[in-house]
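Each of the next two complexes has chain A plus one more chain, namely chain B in the first and chain C in the second.
Take a look at the complex of A and B:
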């Protein structure tokens, strides 16, 4: 069988894996952004009680590998009575890891806001919540776009680790096929191309977005 | 007698086996960081040269290692080296090679960025007093670029340590692989063992990475303060 025929035969399976990767990555990234915004606001306003909790969470999540986090969720948590499906573990793991990276990124953006903005907000009597909504978030999020872009790419690549808990995403699909048919070169080629298909257009879009936002920042 | 699970950690030679696995992990990370940093610095310097084809090739190298997830890189080298090039290396060596190449690619970008951030007049002043190309690098550019690139380098180191968790995928006997063996061996008698084994591995990684990430944070803060 020619290489091309082998590749063609495997495409339906890779297509499935492709969409699983995209779906889980999207859910994980959206969740991570929400967790990241909440954590970074807590850190920005130094909310009592919650602030140290966020610090502990981010240090743990950032300093341990996703693979061990997934093993914990998938193999150890059922011992405590918490049983999740592999896909749920994947998304939860990605949110746990990604949330801490997003928090660091947003915190960096918030720190870039000039203190006079905050003082002006306080001077006209805005509450903390109003400050977050009208002053910190609009400016801080714009400043965080470069970090956000890097994190999104990073998290999509991390989904390849889902293969260890047998989620049939792209990498798992390729490894399965290699195990069954031994057409190593062909399947690895499709795998690399599939990741390139997701990541190259995305990184071009994100670079464009970064430029737009930077342009906006100069406009004021 | 009922096991509480924690006994699995201390039973027999389990703990020393885990430490042995951790050493394999750390060794691979250290060698890869060492080789990758040296190669990466050279490549980074080359990338500041005005030679367009060379810059293009090195950029391609960087982008390839950036786009392809490390899991996939490991399998690429693990499967294709023996099959296409008839090079049969032990899994540990393949892993070290992949990590070193990855570190080199990332380092090349850190070094390039740092070298280009050194003010142009520094370079011109060096040329004016007649320094040769390598003297300029050695005495003017590298000493000033070093503090600019250091935080990103430390950050890269924490990423390398975390990524070593993937070693088990190409059956390197690292700390996770050994942990899994212990879990499987004790699964019947102590099902709770899984919690303790993964817990201790979790701790191992944290203990290695936490000081590094503190250092990274400290360096970043110092650099920000220096800028203001």
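Take a look at the complex of A and C:
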């Protein structure tokens, strides 16, 4: 059988894996962005009680491998009475890890806002939450777009670890096929192309977004 | 005699151990213009910032419009609607256009209806010569134009007191004149009560009803009107004035 035929035969399976990767990554990233924004605002405004909790969470999430986090969710949580499907574990794991990275990225953006902007907002009588709404969030999010872009791409690549809890995403599909048919080169080629199909257009879109936001917010 | 709009007594301010303001006392009546002069690092800006809560003070009392200042965030938030401030760095919000910059205070803080606020804003924009720039973004404006908008943004809240913190210090000479003229006009035709920190001596001489000369966080001279410029009492003030271009 020619390499081309091998590849063609595998495509339906890879197609399935492609969409699973895309779906889980999208859910995980959206969740991570929400968690990240909430955590970074808590840290920015030093909210009592919540602030130390956020610190503990981000330290744990950032300093343990996703692999171990997934093992916990998949193998340890059921013993505590919380049973999630493999896909749910994947998404929750990605949100847990990604939320901490997103929080760090947004915090960097918020810290980049000039203090005098905040004073200008205070001087017209904005309350703390109005300041967050009208000054900190729009400017801070614009400043954190480069970090956001890097995190999105990082998290999409992290989905390959879902293999260890048997989610049939792209990497798992490739490893399964290699294990069954030993056409290592062909399947790895398809795998690389599939990731590139997601990541390269995304990179281009994110770079464009970075430029637009920078121009929109700061005019250069 | 009527009660002053602003009364500051025995104000003391420290940054850790550094003593920034020593026993500052003064009063400001409605419609008066007070100018704060002094070498850099003398505490002029810090004093101004204490008056709208951007800096905390450790001792002393401020009374504004009959109300004792408690330094609680909630009260400052209320008072800031009556005490406008304009900064050296303009600090318009870059993501909002001119009109949105100005409307933020009246609409979101004071919750006034847009239809009532808009004509006032258009009037103010016209007065500062910026009527055609309502849709412009700050990045499209020159420094002088930005500063004029910043003044309108503060005036839009209808404050009883305006604080000007070296508002022309980062402007080109010709733009300085435009901005100073607006402040002059505000004093003359609107009888706006103002506290002005400036290094523009001619301007200070024309506009001041009262001058405070600060050095090392202390008021060294406190004189009405032009007296400070003609007969400075202390050596510090004489040296300061000698070093200034008129």
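We take it that the second predicted complex is superposed on the first by the 217 of 220 C-alpha atoms of A that agree within 3 Å, B and C clash if a C-alpha of one lies under 4 Å from a C-alpha of the other, contacts with A are read in each partner's own complex, and residues count from 1 in each chain.
Heads up, the rule we're going with is that a residue touches a chain if its C-beta (ideal position, glycine included) is under 8 Å from a C-beta of that chain, and two chains touch if they have at least 3 such contacts.
What you see is a predicted model; the values in this text were computed from it and never measured.
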item	value
First, second, both or neither for A:192, with chain B first and chain C second	first
Touched partner set for A:19, first chain B, second chain C, both or neither	neither
Which of chain B and chain C A:163 touches, first, second, both or neither	first
Which superposed partner A:127 touches (first chain B, second chain C, both, neither)	second
Partner chain(s) touched by A:119 [first = chain B, second = chain C, both, neither]	second
Contacts of A:135 with chain B and chain C, given as first, second, both or neither	second
Partner contacting more residues of chain A (chain B vs chain C)	B
Intersection of chain A interface sets (partners chain B, chain C)	none
List of chain A residues in touch with chain B within their complex	59-60, 62-68, 71-72, 75-76, 79-80, 157-158, 160-161, 163-164, 171, 174-175, 178, 184-185, 188, 191-192, 195-196, 199-200, 203
In the complex, chain A residues that touch chain C	114, 116-117, 119-128, 130, 134-135, 138-139, 142, 216-220
Parts of chain C lying in touch with chain A, wherever the complex brings them together	52-54, 73, 76-78, 80-81, 84-85, 87, 89, 91-96, 104-105, 108-110, 137-140, 150, 153-154, 157
Residues of chain B touching chain A in the complex	67-72, 75-76, 79-80, 83-84, 158, 162-166, 168-169, 176, 183, 191-192, 194-195, 198-199, 201-202, 205-206, 209-210, 213
